[in-house]
Amino acid sequence: MTQLNVIDVRAIIRNLKIKMDEKRDYLIELDGAMGDGDLGITMSKAFTAANEEAERSEEILPGKLLIKLGMAMAKAAPSTMGTLMATGFMRGGKAIGDTEALGTGELAGFMDAFVNGIMERGKSKPGNKTIIDVLYPAAQSLLEAKRNKKPLKQGMEEAYEAAHQGMENSRQMKAQHGRAAYYQDGSIGKQDAGATVGLLFIEVFYEYCR
Amino acid sequence: MTQLNVIDVRAIIRNLKIKMDEKRDYLIELDGAMGDGDLGITMSKAFTAANEEAERSEEILPGKLLIKLGMAMAKAAPSTMGTLMATGFMRGGKAIGDTEALGTGELAGFMDAFVNGIMERGKSKPGNKTIIDVLYPAAQSLLEAKRNKKPLKQGMEEAYEAAHQGMENSRQMKAQHGRAAYYQDGSIGKQDAGATVGLLFIEVFYEYCR
Amino acid sequence: MKKFMNDPHQFVDEMIEGILAAHPDQLACVANDLRCLIKNGHKKKGKVGIATGGGSGHLPLFLGYIGDGLLDGCAVGGVFQSPSAEQMLEVTKAIDSGAGVLYIYGNYGGDIMNFDMAAEMAELEDIKVQQVVAGEDVASAPKGEEGKRRGVAGIFFVYKIAGAMADSLASLEEVKRVAQKVCANVRTMGVALTPCIVPEVGKPSFTIGENEMEIGMGIHGEPGIHRGPLLKADEIIDQIMKRILADLPYKKGDEVSVLVNGLGATPKEELYILYRKVQQILKKEGISVFNTYIGEFATSMEMAGASVSLLKLDDELKGLISKQANSPFFAQLQL
Amino acid sequence: MKKFMNDPHQFVDEMIEGILAAHPDQLACVANDLRCLIKNGHKKKGKVGIATGGGSGHLPLFLGYIGDGLLDGCAVGGVFQSPSAEQMLEVTKAIDSGAGVLYIYGNYGGDIMNFDMAAEMAELEDIKVQQVVAGEDVASAPKGEEGKRRGVAGIFFVYKIAGAMADSLASLEEVKRVAQKVCANVRTMGVALTPCIVPEVGKPSFTIGENEMEIGMGIHGEPGIHRGPLLKADEIIDQIMKRILADLPYKKGDEVSVLVNGLGATPKEELYILYRKVQQILKKEGISVFNTYIGEFATSMEMAGASVSLLKLDDELKGLISKQANSPFFAQLQL
């Protein structure tokens, strides 16, 4: 796999839906520990809606399609993570523009805009124990791969490793946003539910590009 | 023991209080099966109030004292059984009049008025699976003992047996009054909580006269 | 037993202290007895007084309906226990303004005996007293034996309408007549999902399985019609409405007021899911809804469950139910 | 999970169907979306529209405060979930009468992000929008970090007073000003005894021991200040009032409105036992009580627990809080 076209994007969305359905109870449990326990439900809903939209829409440009998916997600799952994901898809899709196929560079642009959109909407930044701590290093890694002209497969592999590392690092952070923030120091050492969603998200891209 | 004077009446009331306290949980359980489960509490309250009144009051006539005890009980425990007991004490006390000592005849008069008061207030009669099915045969037995001029000890012994028999007979009856009546045929075979109170009541008199 | 309380034996008195502290302009106690509550302020000369009474643990029943266009006084018993005849008498004396007093209460042995005693005593003090005993739970006795039925949430309708009638300075006989008319036209049935705990007892007085419900159960846990697995909301309402509609019976063209009552722990969300089906059934039957009351009107502390009551209206009842009313527990603007 | 429901996925929609069926004269939905609710009837020309929104499962929050002298519209989310920005926009468009729209909602991440999005979209459609975010739970963040505090039952005061202000045809800025004034003067703290169950999840999202309570817990189970054995009512109120009073701080001579809110399963009896102690403490501190609200104003379905809110009043707030208000879930006559 060296490039992703609109058919690949649809396949990835389908895989994301399947992954989120699979991990539904796991995410509920994680979110239940320091949040309201709905994350498994909302992610499953969000990606089911995105997948339906992807199947229904006849859009042939990946960027335009991704924007539409974001809008569908915002409608279907207006929770914190649903809204952030939706914002990510919309900003990421916009960044891709009219490109028909995504290589390392385009995917890096997508991920970068994706995580920046989330930071803007959530008024948050790396180090706050959120999904950003997974997505930000993954996007940075992809930007680095773009600079080094690495092929997509390798770029995604490294991005996945970075995401994994980000997730591990985030364990020791103290939550600053969302419900988990109420736990203050109590959140240190625990795994953030949103960060887990971020890792699953990158994982699906990685598995598809492998 | 051939006669009961006002000191004996006070002692019996004290014993009744002790008995009801002892049987509190048992009565709660019985009433819980076909009622609201408060009988242990209300009987304990009623006889505690009666005992306090008996200790406080300087009344020297048994009849007058018994009326006062009824009034104290009505105030302290206005549940079905509390009100019926109170009515019984007031009517029974009135029946005794100004007598200073109670033999078989006077006690028969007391019990007869007691159970008649309950029947009037509760618009109920023997055979309806209530306290009446224990008190009525006990009162009848005492009236018979009076006719036969039996001594108090023997009269109370026979009355206790009659009460016991009444209680056993009542098991197979169908409840017609109070909450137990909702159980209809389901009440058949079960022990009535109020009848149990009646038996405890007679038992205390019997044990004292022994 | 997870209750906010101090001493279980002080549960009722501390509750009343809280109520009096919270609503000093609206409520007062008489005879130096917290359990004898009346409406604060001037008595309306010539207005029939309405008193009620019953056990505690059912808020807003019974004392919560003391207010403008509602009741004038209430004797408050211990949890699930009747108040005493003496307390009822004190309330009666305090609210009588010469036009007599109507007792409205539920069909429970202890209450009946004590209100009977109180009425006898009041007559001795030259106060005219009439009584109306509400009993509308169709699950508690079959048709033909209406006199044996328990009074449950439907008593709210009796209070509301008798209160409005008394407010118009109608005579004791007239107030009694509309109260009886309401009793004749209201039917209720409920369903319980969990028991509740009497503070002084400290444990549930009955049990009900993890996935069970009991249709027709009374508010003190009196047995109902059927215990079985928890059904879907719509199925439960189907069963309840079938019994209620057939009982009066309510017919096509009738106009009703509907009360969906929560027993305590059941959230309003669920009451509205229940009402949704009630309304669908009424629509199908050609019965129109004049107005609705949905919330907690007669509870059993933290019992989970609900009941549905229908009141068949005529023009007189419609006029009275529409009147403004105001108490610390129930406020309604003129409809 | 003992809930009256049909399909857990239809929980919210069926609840709203029930609400619309029960109160057709008072409520309506717009944009063909059950989740976009507004007050039925004519818009008052020149009146600022007030919209709110938030997750379901908190009745009467949020939609229950749509009514006269209260709010004009509400976007309704899934259980404990924010509604979408699009739904908020639809409500905004439907209630704007040219004078602009004020959003009042609680300080929760999802709601904030969506209301932000909605406000941006509304501005594009030339509707003036202002926002007031309520956050008054003193247990959720220390003094000095008030901006991080969760919004809980105290939002009722913001609705009540902003609603009365808007009713007087005040400008958007003026309505926003009093709403902010309320936010600045209200403090809340709560205590939870049991969890609740989100229908789609089917099991409690946290657990709490048989004899435990958690002081300061949020209405979605967010952690509080201290988990420990269940204390006596008076001891709990001591702890809560100490924190609340010190926070603003409320001082001798202040006049307050008090809200004792039940979280769902806690009976009114217990709320009044709690209020009894609140009133004793206020009296000792020389703080006088203008009026009280005791009951369920912001719940978490069948969660057992309660919260206490104090609003410090001035003459302006007293005038506004006294105004008549009427919704299907809350009615108050002019005080």
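For clarity, chains are labelled A, B, C and D in written order, and residue numbers in each chain start from 1.
Criterion: contacts are C-beta pairs under 8 Å (C-beta built on N, C-alpha and C of every residue); 3 or more make two chains touch, one makes a residue touch a chain.
As the structure is a computational prediction, the values presented were derived from the model and not from experiment.
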| item | value |
| --- | --- |
| Labels of chains that are neighbours to chain B and to chain D | C |
| Chain labels contacting chain C and also chain D | none |
| Centre-of-Cα separation between chain D and chain A, whole angstrom | 33 |
| Cα-centroid distance, chain A relative to chain C, in whole angstrom | 55 |
| Cα-centroid distance, chain A relative to chain B, in whole angstrom | 78 |
| For chain C, residues contacting two or more additional chains | none |
| Touching two or more other chains - residues of chain A | none |
| Chain contact topology (line, ring, star, complete or other) | line |
| Complete list of chain pairs which touch one another | A-D, B-C, C-D |
| Interface residues, chain C side, partner chain B - complex | 77, 79-87, 109-110, 113-114, 116-117, 140, 148, 150, 198, 200-201, 205-206, 218, 220-223 |
| Parts of chain A lying in touch with chain D, wherever the complex brings them together | 28, 32, 36-38, 41-42, 74-75, 77-80, 82-84, 87, 121-122, 177-179, 181-183, 186 |
| Chain C to chain D touching residues, read off their complex | 2-6, 11, 14-19, 21-23, 56-57, 59-60, 64, 193-194, 211, 213, 230, 232-234, 236, 264-276, 279, 292, 294-296, 299, 301-302, 304, 306, 324, 326, 328-329, 331-333 |
